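You will see chain A twice below: alongside chain B first, and alongside chain C after that.
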Partner chain A sequence: MNMLRRHWPWLLVLVILLAFPFLFYDWTKGRHSGFVLTLMSEIGVMAIFALSYNMLMGQAGLLSFGHAVLFGLGAYCAAHVVNMVKAGTIWLPTELIPLAGGLGGLFFGYVFGWLVTKQRATAFAMITMGLGELVSAAALMFMAFFGGEGGITIDRVMDTSLVGVRYTSPWQVYCLVLAWAFIAAALMRLQTQTALGKMANATRDNFERAQFVGYDPRMVRLMQFTLSGFFAGIGGGLYVLIYEIVTFDTVSAAKSANALLAVYIGGAGGFFGPILGTIVVVLLQSGVSLLSNAWLLYVGVLFIVMVMYAPGGLIGLIFMHLPIWRAGRMRELLLPYARAFPPALLVLLGFVFMVELASFTTIGAAQGKRFTIGGQLIDTTAPMPWVIAIAALVLGALWLRHEARGFRQRWDELMEGSKRAQATAAPKPQEAVA
Partner chain B sequence: MEVFVVSLLNGLVYGMLLFMLASGLTLILSMMGVLNFAHASAYMLGAYFAYTISQYIGFWPALIIAPVLCGLIGAGIEMWGLRRVHQNGHIAELLFTFGLALLIEKGVQMTWGLLPVPYRVPELLDFPLFKIYGTQFPAYRAFMLLISALMFGAIWLGLTRTRIGLVIQAALTHPDMASALGHNVPRIFTLVFAAGTALAGLAGVIGGNYQVTEPAMAFTMGPIVFVVVVFGGLGSLSGCFIASILMGLIQTFAVVFDVSLADLLAKFGFVVTSSTPFAEILTVTLPRIGALLPFLMMVLILVFRPRGLMGTRDT
Partner chain C sequence: MSVSAVELVDVRKNFGRTEIIRGVNLSIPRGERHAIIGPNGAGKTTLFNLISGRFPITAGSITVNGQSTADLAPQEINRLGLSRSFQITSIFPRMTVFENIRCGLLWSQGYRYSFWRLLGTQKELNRATDQLLERLKLADRRDLQAGLLSYAEQRALEIGITIAGGAEIILLDEPTAGMSHSETESAVALIRSVSEGKTLIMVEHDMSVVFGIADRITVLVYGEVIASDAPAAIRGNAAVQEAYLGTVAA
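Moving on, here comes the complex of A and B:
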């Protein structure tokens, strides 16, 4: 009962995630929306991947540019295992295929980790980058393991399920992804509280002192890297089950960059930041890339804005409000937020409009696409739309700057107030039921 | 023999092009500690600027104007972007330039299109200079060699003979001390960053029509330049020079020699068949892994000698 009382948010999220696809359920045909399920499965897999990346970046302070190597190799291992099960050489339930991927990731995590964890900081980043390039090139070169450009295809319907599910529909796969995502997230959460997790933090903050205390920072890095490979491999195994194919782009630099973007946009500081970041990045990738040619530009701009103005990521932005929330004065922020909203929206619209104009004049025209807003065809070569876009951008920026000044003033006052309130208030009694 | 001489010349040309890119990056990395991911993007911008300018005014003005434009962009990035991000630490700086690289690539795609642009060698230089063993050596490659040699001389003179060069050298190894002596280190940072991007732009101007001017050119060139910088070692221009030439030569020679490990083993009387373990790895020929050799070398040197060839401190 105590467990339930402390961990109810996990259960709540699980229930919400199980119920969410039913919002898009097609009652007339009696089936789920395939797009939504695939999207959510993708988010699940990428969330595991991003969390495992954060074991390196957030916890151990190791910036890796080749984390997809572990994800992809895990995926390849899982694909081979599935094919072996299919051929009858070994027996393994479908539910445990991600574990096979995880073990593959663990193995390669140890092998590569032995090499890369000799260094830290920039040298570590460069070695992982070189390793990423090597493996993604090798994936195209060696046919037996990687299958060349075509990759390796599998058939996930194996009839070896423990619970008697055949995994023919995306819904069944989604449930499996959800289960594994929760298991992996819970394990990674627990790992942060182990001695190894704490030592990883210590070597991140001051590796020399950690050395003095008697720990070998390299062993800490190696163990952390290997474990992170295990979880990335689990993600890879799930990836194979969702798409039934694994190609060389699972090990590519672009995949590694995705994890980096997700972790940084979400925030590397808190445990749940990467999940938040994954949701944003995957939605941008899958949702916006359908609507716009320039989705990568939006991701880039979002990334730069985050780096410049919110180094703590989205989770950092949320946590910034905590002192004011505790002081119970969130209501006083409503008006400043409401005042900043219209200029921010104007800037956003102006920017998006301008980017879309530019992308439709060059890339869109080459693809024979037309720019329409609400059925109205827009001539991208005429000066008028450009003037509107630039005017919206510039006016919005000036207005936003004006509002931002007022906002900051109000913010500082509230922060000051909440600090004073905290100082004067008697120390609160700890949780009533320990 | 003929293959050797021709490859040597081509390797030199490619190596000098690499050096032009890497010299700026090595200065930026050793002085500011910023792993500048947008450096190869400046190379790409240089090529595209030169293409557009040469359509209207001609190639020769573009040789000056495009690098200057790149340098101005670099100065802007440093003053309004990097300096702001600096307080959040090195990783934030690195990620900032990473985002910038994404942004520039997409911006180039939106301005000039997804396909390669027809940026050609100027007509004045479009003739074979001489023939060795029946292979023509284009005059443009000689011109590239000349430009990069001039640039190398200019950098070397600038760094060793001028006052500002000496301050840069001081700031390279002891930025805090140089600042304590009253030199305006932030301004030197801006200057070096701008000069580095301008050099990358120049490399783009003369490299864009030697290779292909396309939106992916930054992404293919970027990692190689990192390899050169790390391999040469931080804080050492001469190490960077040696590494660039070495990488250029390795990459060109690897394409020429069609051998594999299996051939080597055959010399010792060990025949590799398809049933030998690791047969696939043993039979891979050198040209196929030529592009990978630099990365392999970088990984090895970082693992065993993290300060690079002639570096003054660990990476």
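Moving on, here comes the complex of A and C:
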């Protein structure tokens, strides 16, 4: 009962995630939307991956450019294990395949961690980048393990399930992903509360001081790196079960960049930031990429905007409201937000319109696509649409700037007010968010 | 004869061609409160860095509790029971005050690199941390980010992290530097209480602090010990007067 009272948000999220696919359920045919389930499974896997990345970046202050190596190698290990189970060489329940990926990630995490954690800061980042390239290149050279360009394919339908499920449908796979995502997230969350987790924070904050309280910072980082590899590997193992194939894409720099994007956009400071970031990045990747050729550009712009204006990420933006929320004055922000909304929307629309015009004149034209809005064909070579787009962008920006000033003033007042209220009313100290 | 807490034999340190520490011999017995004084650039902080293993020595030998510290990393020297503070405040700024102190306790309480025990449930550990926070008068700052503390509070936290692990030998590098008069007074009280029954070595510029706390004073000038004696004798020492105290008194 006590457990339930403390951890109900986790349970609530689980219920919501289980119910959500039914919104897209096709009742006439009696089946789930494969697209939605795959999308949500992808979010689950990438959330584990991003959280494991944040064990390095957020918790230990280690900026890695090659984290996908651990994810991908975990995936390859899991794929080989699946094939061995299929061949009857070993026996392992389907449900525990991700664990095989995790152990692979753990092993390579230790090996690579031993190499990279000798270095700090820039040198660390550079070496992880080099490792990423090295493994990517090796993936095309060592056929037996990596299967060359074709990768390793598997058939996830095995008869070794612990619960009698054959994982023939995406729904069953989704449930497995969800279970593992919750287990992994909970374990990673708990790890932040241990001696190692706290000392990882300590070495991030002050590398040298950690030595003078008796810890070897290198050892702290190595263990943190290894554990991070374990969780990345679990993500890799699930990836194999979803797609039934693993190729060298999974170890590529692009995959590593995904984790970095998710963590930055979501925010490295709070534990749940990377999950938020993952949702945004995967939706952009899988959803927007269907609508637009320029989806990668949107990801890039979003990343730049976040780094410039909200270095704490989405979670940082949410936490910023906490003092005002505590003072019970959120309602007073409604009007300022409502006022800032139209110009922000105008800027966004202007920008998107311009990008789409550009992308349709270039890639779109080459693909023979036509730009239509609500059935209306847009001539991308005519000046008018461009003028409208640029006008919306510029006017919107000026208007937004004007509104931002008022917003900031109101914000500062509210902040000041709630701080004073806190100081006088409750001596309860505020929790450190970062 | 019992083993000295810290013993330096002909210790030398060069940075490039410059000799900063030129053959220091010093033996500090257990339980002594020892102050190292000297003009700026005398090598006091460097000496601390050598004893605590932050820099390797060029020649000579240092023993802590009878064990040679040659080839030992700072954390290994720390585990011998020697803990130090820093002249420029060195804390964990993004962690809470409570967590800062607890970091100082973890190793000595045997937690090592544990990634399975949840610290929130370790009653003994958290109680010890809170007790120390009480002593440091930081209890009401418990859950604040350490980087947000005032300067004097950060200095107190610095001392707290240093002594948290229960080290027998405590090195404090200018613990009262930059403090106001009243802050210094409470810092002195704190230092006196935390060094009870322990070996204390401190570098300090404030002579009232030095003469108020130290059992013995070593005067370091240009990397050499010119005197090491009881406070009264140091006060009367002509060489010290000339090299150091005289300039201060004038």
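The criterion applied here is as follows: the second predicted complex is superposed on the first by the 426 of 434 C-alpha atoms of A that agree within 3 Å, B and C clash if a C-alpha of one lies under 4 Å from a C-alpha of the other, contacts with A are read in each partner's own complex, and residues count from 1 in each chain.
Please note the rule applied: a residue touches a chain if its C-beta (ideal position, glycine included) is under 8 Å from a C-beta of that chain, and two chains touch if they have at least 3 such contacts.
Predicted model only: the values in this text are computed from it and were never measured.
> Does chain B (first) or chain C (second) touch A:N201, or do both, or does neither?
A:N201 sits against chain C, while chain B stays out of touch.
> Give one of first, second, both or neither to describe whether A:P385 is in contact with chain B, with chain C, with both, or with none.
neither
> Quick one: chain B or chain C, who's touching more of chain A?
Tallying touched residues of chain A, the top partner is B.
> Once the shared chain is lined up, is A:M219 touching chain B (first), chain C (second), both, or neither of them?
Touch partner of A:M219: chain C, not chain B.
> In the overlaid three-chain picture, which partner chain does A:G58 touch, first (chain B) or second (chain C), both, or neither?
Neither partner.
> According to the stated criteria, A:Q211 is in contact with first (chain B), second (chain C), both, or neither; which is it?
Second partner only.
> Does chain B (first) or chain C (second) touch A:M129, or do both, or does neither?
first
> Report for A:G109: first if it touches chain B alone, second if chain C alone, otherwise both or neither.
Touch status of A:G109: no partner.
> Across the two complexes, what residues of chain A are contacted by chain B and by chain C?
none
> For chain B, which residues are in contact with chain A within the complex?
So the residues of chain B touching chain A come out as 33, 35, 81, 84-85, 88, 90-92, 94-96, 98-100, 102-103, 105-107, 109-115, 223, 226-227, 230, 280-281, 284, 288-289, 291-292, 295-296, 298-299, 302-303, 306, 314-315.
> Per the contact definition, I'd like the list of chain A residues that touch chain B in the complex.
Those in contact with chain B are residues 63, 115-116, 118-119, 122-123, 125-127, 129-131, 133-134, 137-138, 141-144, 257, 260, 264, 293-294, 296-297, 299-301, 303-304, 307-308, 311, 355, 358-359, 362-363, 366.
> Mind listing the chain C positions that touch chain A in their complex?
These residues of chain C touch chain A: 52, 54, 73-75, 78-79, 83-84, 86, 90-96, 99, 102-104, 106-108, 111-120, 140-145, 161-162, 164-165.
> Touching residues of chain A toward chain C in the complex: what are they?
190-191, 193-199, 201-202, 204-206, 208-216, 219-220, 223, 227, 427, 429-432, 434
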